[in-house]
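Report on the structure given below.
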Amino acid sequence: MQFAKFVVTRIIAYVLVIWIGITVVFFVPRFMPSDPVESMLGRIMTRGAYMEAEQVEAMRATLTQAFGLEGSLAEQYFGFFQRTFVTREFGPSLSMFPTPVNELIGRALPWTLALLLSSTIIAWIVGNAIGLLAGYKSRWVSSRTLEIIAIFVYPIPYYITALILIILFIHINPIFPLFFSVRGEPFSPEFLSSAIYNSILPALSIVIVGFGWWVLSMKALSSSISEEDFVYFAKLKGAGEGRIMTAYVLRNAILPQVTVLALQIGAIFNGALITEILFGYPGLGTMTYNAVLQADYNLLMGTITISIIAVATSTLIIDLLYPFFDPRIRQR
Amino acid sequence: MQRSNPRLTVGIVVLAAFIILGGILPFFSPEDPRSWIKHPRNEPPSAEHLLGTTNLGQDTFWLLSYATQNSLFIGVFVAFFATLIGVFAGLAAGFLGGIPDRVITLLADVFIVVPSLPILILMSSLLQGRASLILISVILIIFNWPWPARQMRSIALSMRERQFVNTARFSGSGTLHILAEEIVPHIFSWAMANFVNTVLVAIATESGLAVIGLSSLEEATLGTMIYWALQHQALLGQRWWWIGSPVVAIILLFIGLFLISTGISSLSAERRGHGDA
Amino acid sequence: MLRLRELKCHYHTPRGVVQAVDGVSISIQPNEVLGIAGESGCGKSTLLKVLYDYLQPPLRIVSGSYEADFPDGDGKVKTIGPGEIREHWWEFISYIPQGSMSVLNPVIRIENQFFDAVPKRHPLKAKGKEAIRERVAAYLKELELPIEVLKSYPHQLSGGMKQRVLVALGTFLHPQIVLADEPTTALDVVVQKGILLMLIELQQQMENTLVVVSHDMGVHYQISDRLAIMYAGKLVEYGPTDAIFNNPLHPYTQMLIQSLPRVGDRSQRVGISGRPPNLIDPPAGCRFAARCPKAMEHCAHQEPELIQMGPDHFVSCHLYGEVAS
Amino acid sequence: MSENLLELRNVSKVFRIGGLVFGTRLVAVDDVSLSLPAAEPSILSIVGESGSGKTTLARIILELEHPTSGQVLIDGHPLFEKGGAGLKGRDYYRAVQPIFQNPFEAFSARKRVDKYLFNAALRLKIAQNRKEAREIVAEVLESVGLDLSRVEGKYANQFSGGELQRISVARSLIPRPKLIVADEPVSMIDASLRMNIVNLFLELKEQYKVSFVYITHDLSTAYYVSDYIGIMYRGSVVEYGPSEQILTDSAHPYTELLLDSVPTVDHKWERNVALPDIEVKEFQAQACKFAKRCKYVEAICERTVPPMAQVSADRQALCYRPVDYDPQAALSPRESLESAAAKS
């Protein structure tokens, strides 16, 4: 009963998040001070393409349609949702005409997911492990040192970490290539090894920043849990240090960390987008960036919509996994 | 009893340096640091140009000072309004309960989960680099009020159950008295820590947008400095002082702000521990 | 069974040395229920920690001795002391905390909360978790606790049920000494009575020693055979419970008993005014002197000795010093 | 001047737990009617275990909780009413004052304690100026055995629990209220100091002519101070009347159980008895709530809610037993067989 209630509430929230997110995306072009069609047209023309008057007119019509600016606001709004959810069709890419946007996104999304998933999981596990030690064994010199490192690493934004890594390992010590390049047939050994080799720096920059946050938050949690009565009683039970740290402190501290992970997904995703762009990593971020540079409106709308849905979905998944960690929600 | 708080002290010293750099020094700048070809290009640091000059012939030091001013302005502007809105929304949700609570909580949760960057990118792309700093700040406020609101709501919920509020009410204190005398003293240091934290987040987001050239290209901020440096191949040209100075500035500024925000939190936690003893 | 001689245990804190247990001598017998009474902050919980041999910094034994008679299984009795007693936790000596505090791990089922309280060398431990679970199930059944408790998490149980689980945990391996720290504080009276009766019944079955710390004199009257009264780190009086209630000797004990309101008796009751002294810098002489209505001049600077006033009835007060000498 | 200082008429409070769609109902206070005569200042104890609804009842009298249904009257004036007859605002705060359980919670850690006392004197318009306020504050502090000079300028953490609770009592006296509602005022205080606070209530009752509603789980202090006692069980007042009679000759089996469970120092408990202390989970609206634990239970108790029986002129009990009523007679033949079988 409790669990069903929990699931239903979360799913309602999920639908609302996507609805409001997409609504914002819908209204942004419509409330911009400049006419998006004209500004897009201007951008295409300044790239030197010469067009006849009727060609310009045709282009304007195409763009108006692409922006979904035909008809009344209500019709536009309805059409927008229909396109997003029913037909799931964002039209052809304007810059890579006539490849459909869906296909381009389908190519980029796995890259982004792989990068985000692996680096977030690594940062979460390593950060929490060190934070647990730092909180439970707060007198150890090594755990204090790690905490201080985390304090200095955490506030640095993703793109700055990325830039420092680029300067250090691409320009000063050219260990990694200047441009992201993957060789070989998809999923061949050569492909995989070059993909991993090229992804090390982008992943590392996400791991470093996430690591700092998880260390600090886990340290705070586990040091306060170490003061709890049940940890004291575990010592009176005669449980060993390792057992207390895992079965008592960790099992209780990990619960809020799962919730925080769900809340942080949006922020991590933001950071990963910029990281991708700086490294030229072939994911959603770089694709969004290229779409902006090339005034590819269809592609831009597609990537942004998919981003919102992807983040909301991963948040939902984490939320739904939460009860498997916390008996207080699962059973009642 | 004042215990030493090294984090807070270090943080305040660092921040003070940046306030001098960005808040006072720009008024003594000998020129508009943005204007091009005022000086020889790509000079290394010297007595005349403390941090050298850029590829565009700007003095890096004065440009940095000017950029810091803009970044600080965005940070403070966003943090002030986001904290203010967040605190009031959170208090309203916690104290009023019912429908206002549901609506505010839902909105806050949505804005926390929706990734802000794609929406900012969409906006900037439509404005083609002409987005004003104010407009970007407003968007940042929209995405940053939910964090304080969420926290404030839970504080308000616990406050509502705190007996001393009832004691004050039965001592004839009106709602405004209670707000000023009972509630504000309890949330003040928390709001300060949140304010400093939001300054950090706001500067970070704007600079992030700027680094990929999607913030205002007409104004200089720490992020746009990096953008121009990248655009003009400062990395390939190994002109480290140009790209390095905004990067180091951001790192120092953020560590300083972070130390202050955690310093304030631990200070108030200590005081609270002392108070309950 | 347990012998304490002039035992002094202090907390070394940055603010100063807290003399929480200051010169306590008492011997605790087999097959008895000993009650330890006193106001909060008088050192009774610290004394219990010391008895349990849980000496963690900043708490340490400063002087005096503490030893226990440990039957080593071959019919011989060995004397063991601090540092050794903890080797025999749960089998020889066990501890029941106050269950209204959150001493149960909130994310672990009740049946699994017993694992860590089975010592490593115990044969049951070698048989594995399943064997322990079976024994726990059998034991809870014996104690007539509902079977659902086993699979429950702590938040699903009422305060009284949690305390019963803790009593079960403390008596699971049939230890010779059971220490209970405020086992019924913060529970409702009806539940409190049930738990106290359960404790007593188990003690009678196992014929072991039960030491109960409580601030509630009524609880002590109901369950303890002997009673020790602590004040500001010192033992001020101890003896058979009935003797203490019928003929309290120390003015502090007298006031504790007098201040108890009783249903059916509306005569004027007064509390003890003032507050206990700071244990970082306790006053010279008798520590109760400042609050004592019978205080004499020399009480403030001369410390009273513990003197015997009846069969197994001791008091530490100047009122009786002269009688004895 | 009304006949009753405090009157509760069929007061109920239902809490909804959880959301609107999935929430469950919790009846915290269930159709409670009580009255406290105004003729003389008196002390009414509400005694119950945790979860009995006694604190909710206190919060309703203090207007901290709105009753779901029913009426509360202070001196004949209804509470929670906007209209002319209602008692509200400053008039209400002058008539009714609280004392809370934990004195450290009752004062903000960041505000000087004396500020609350001065505020009460000035903001409730008891004193016209600071000088008068000082006199009033000094007087109430003196009547609880404290000196203004020792209280002034200090924060809550600079007092002991007992001292702070005295200050709490002093504060509540400032507007010279007719009624003070004290919610478990001594449960956080060391046993040896409790009687000092409780005695204070007896003294203040005479000195200030103030009545008290004393919420407690402790039958012995309740007996010691109170003129009237209401026993609560699962939201219902199961027995109500003069304290002497209730606690020496109780009519409701639950009161009997409570009395029997107090760790008294008069006589020792019978050992090896089974106690009905394990809480029964289910809430049956259609039966006596105590039926599952009652040793006198009859078939009818499990079928209908008993009426509030008038045991004597001023005593009531929510039970079938006190009334001259033969449950066997009211049963159908089959039921009486069943109940006989159940007993054997």
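Read from first to last, the chains carry the letters A, B, C and D; within each, the first residue is number 1.
The rule is short, and it goes like this: a contact is a pair of C-beta atoms (placed from the backbone, for glycine too) under 8 Å apart; a residue touches a chain by one contact, two chains touch by 3 or more.
From a predicted model like this one, the values you see are computed outputs, not experimental measurements.
> Write down the chain pair with more C-beta contact pairs when B-D is set against A-C.
B-D
> Could you tell me which chain lies farthest from subunit D when each chain's centre is the average position of its Cα atoms?
Relative to subunit D, the chain whose C-alpha centre sits farthest away is A.
> Just give me the whole-number Å value for how far the CA centre of subunit B lies from that of subunit D.
Each chain reduced to its C-alpha mean, subunit B and subunit D end up 52 Å apart.
> Using Cα averages as centroids, what's the distance between subunit A and subunit D in whole Å?
Averaging C-alpha atoms per chain gives centres 55 Å apart.
> Could you pull out which subunit A residues touch subunit C in their complex?
Listed in rising order, the residues are 228-230, 232-239, 243, 247-248, 251-252, 255, 326-328, 331-332.
> Provide the residue numbers of subunit C that touch subunit D in the complex, in ascending order.
39-40, 146, 158-161, 188-194, 196-197, 200-201, 215-219, 221-222, 245, 255-257, 259-264, 266, 268-273, 275
> Could you pull out which subunit B residues touch subunit A in their complex?
Contact set of subunit B toward subunit A: 7, 106-107, 109-110, 112-119, 121-128, 200, 204-205, 207-208, 211-212, 214, 226, 235-236, 238, 240, 243-244, 247, 250-251, 254-255, 257-259, 262.
> So in the complex, the part of subunit A that touches subunit B is made up of which residues?
By the definition above, subunit A touches subunit B via 13, 16-17, 20-21, 24-25, 28-29, 32-34, 36, 39, 43, 151-152, 154-160, 163-164, 166-167, 171, 263, 265-267, 269-271, 273-274, 277-278, 288-289, 291-292, 295, 300-301, 303-304, 307-308, 311-312, 315.
> Under the touch definition given earlier, write down the residues of subunit B that touch subunit D in their complex.
Its residues touching subunit D are 162-164, 166-174, 177, 181-182, 185-186, 272, 274-277.
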